[in-house]
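You will see two complexes here that share chain A, one where it goes with chain B and one where it goes with chain C.
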Partner chain A sequence: MDNNQKYDAAFMTVFEINADQLNDELKYQSITTWDSVGHMALMAELEGIFDIMLEMDDVVDFGSYATGKTTLEKYGVRF
Partner chain B sequence: MAFSLDCEELKAYQPNRFPFLMIDVVTEVEPGKYAKGYKNLTNNEWYFPMHFPGAPNMPGALQLEALAQMLTVAITTQEGLKGKVTHALEHTVRFRKEVRPGDQLVIEATINSWRRGVCVGRGVGYTNGEVACEAKMMITIPDILEQYLPK
Partner chain C sequence: MSSPILEDLISLTDHHRLACQPYADYCDTLFSGPEAPGSLAELPFLPVRAFKEFDLRSVSEADVFKVMTSSGTSGARSRIYIDRETAQLQTRVLTTIFGDTFGKARSPMLVIDCESTVKDRMRFSARTAAVNGFSIMSRERCFALDDDMTLNVPRVAEFIEKYKEQKIFIFGFTFLVWQAFCGALAAQNQTLSLENAFLLHGGGWKKLEAEKVSNQDFKDTISRWTGCRNVRNYYGMVEQTGTIFMECPEGRLHASAWSDVLTRDVRTHAALPHGEIGLIEVFSTIQKSYPGHALLTEDVGRTLAAADCACGHPGTIVEVHGRLPAAEVRGCSDAYS
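The block that comes next holds the complex of A and B.
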């Protein structure tokens, strides 16, 4: 499984969504499961998958499926 | 280092008051790790006359509340969190026996993780040495959690 697949799997697992929902429209609070609790669960899931520890500013900036990859690239995750 | 909190001292670490204060004493708390204590139950509890007439039994929701209040003490005794309000996020509870007048509900709450304003923990309530209720709990301090959310 490459990093793109791992990234997608994290969203699908945490938010209980399908692959066809992974698009640029997927943002914080755009679906019911991406609420405050879901956001923390996603951060924890990604930290576990990629063995990283996100800084506070990056947790705040991680506002969408699309921009999240840019955030993770700061921690050496390559897509 | 562990310490105890009497009936007045514990009020500094969780905001509930009569008739919703569901813990009497914290016998031992280690901030950020665990809290233990108890609630003594008598026929004078406000809910027993109506829950239920002739068969008094502490409502399950209040048993869960007692577990959550003890977990809150384990959270808010950490440095800088005294007096903070907590909110429940998600609880899964199992009730195993009735909790009745004359019982002492002994409560043990343990923090499994505390991060970014969210606590995941577990609580167990005992009466007469047997498990009466147990719960997996997720509690937050909204003031902290909100600092980590996308704007």
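The block that comes next holds the complex of A and C.
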């Protein structure tokens, strides 16, 4: 799996959604499973997959499927 | 009393008057004062119990993302309607206040509660909201209590051992930290090695009133059984999630940049000067989806000017003495279940 696939897999696993739901409309709290609890599960999943440690500000700013990649790029993850 | 957030609160009052008809009717009936309030005391305020008796929301039903409830022993529950924007503001403000006190690192979190408290995400109680809200500051969570609310010492010890090189963030409701954590450790004559940890607790001292536990007793007891000396209390309520009043190093609870506080005479509701004891009214600038920006609580206490505290924090100080005796038992973030 390349990093894009790993990124997508994290969202699908944590939020129990399908690939067709991975789009620009997918944002923090746009679906019931992406609430504060789901958010922490996603952060833990991404930290594990990419072996990074996100800062608190980046956890708070991680607002959508689309912009999340920009956040991870700050930690050296290439897409 | 001038307040740096007065303009924001006036805008919120206007916003909710337009967006929430019951609130507009309430204001028109009870607050026919000056069009533009010149002080916090002149702003229309709602008693917190209004959220039990009325559905007060300023967004369409479709935009409600989450309904937070606070349970009451009388059976009535407050219903607080949260949209995405308000939820995000709550998170941002909470993390900022937390970061200013404890730093921005995310820490392993020892939750003095049981996992079943937070499992049902849709039935949001005050404890669920608090535990999950503060979890954003954490990296991994360990629940110290089993579902029967007994302390699981082996699980806690294993967690402390795993993270002995890191600062652990301990979080819990005040009465649970006292009874289910310190109480259980004392009963088993068991000490823990949490010298490097910091503890944040809130939810009220009501359940500890009979035991006459002072804040200093509380800190001394925690230190004795866990070694933890960095202990902070906060004052907050589910009706104003996010804008908590954080205890400073001098032991005083300060308003944040997004909140303020005053007291009112219990009978006349006239605003009181600093130092006089009355009902606490709390203000918060982040309530967009429901008219909860100026709330008269059923808590009794007094305010002090920020300048009275050596810590340098600019926020007004509130001292909470307890619940209004004659009030309906507003209940209960501090209740089992």
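As a working rule, the second predicted complex is superposed on the first by the 79 of 79 C-alpha atoms of A that agree within 3 Å, B and C clash if a C-alpha of one lies under 4 Å from a C-alpha of the other, contacts with A are read in each partner's own complex, and residues count from 1 in each chain.
The rule is simple: a residue touches a chain if its C-beta (ideal position, glycine included) is under 8 Å from a C-beta of that chain, and two chains touch if they have at least 3 such contacts.
As the structure is a prediction and not an experimental result, all values here were calculated from the model.
Asks: Between chain B and chain C, point out the one touching more chain A residues.
Replies: Higher number of touched chain A residues: C.
Asks: So in the superposed three-chain picture, is A:Y28 touching just chain B, just chain C, both, or none of them (first/second/both/neither)?
Replies: After superposing on A, A:Y28 lies in contact with both chain B and chain C.
Asks: Is A:F62 contacted by the first partner chain B, the second partner chain C, both or neither?
Replies: After superposition on chain A, A:F62 lies in contact with chain B alone.
Asks: Mind working out whether A:H39 is in touch with chain B, chain C, both or neither, as first, second, both or neither?
Replies: both
Asks: On chain A, which stretch or stretches are contacted by chain B in one complex as well as by chain C in the other?
Replies: Correct list for chain A: 28, 36-37, 39-40, 44, 56, 59-60, 63.
Asks: Where on chain A is chain B touching in the complex?
Replies: Residues of chain A touching chain B: 28, 36-37, 39-40, 43-44, 56, 59-63.
Asks: Which of the residues in chain A end up touching chain C in this complex?
Replies: Touching chain C from chain A are residues 27-30, 32, 35-37, 39-40, 44, 53-57, 59-60, 63.
Asks: Inside the complex, what are the residues of chain B that reach chain A?
Replies: Result: residues 89-90, 115-116, 118, 138, 140, 145-151 of chain B touch chain A.
Asks: Note which residues of chain C are touching chain A in the complex, please.
Replies: 65-66, 84, 87-88, 91-92, 95, 99, 104-106, 118, 121-122, 132-133, 135-140
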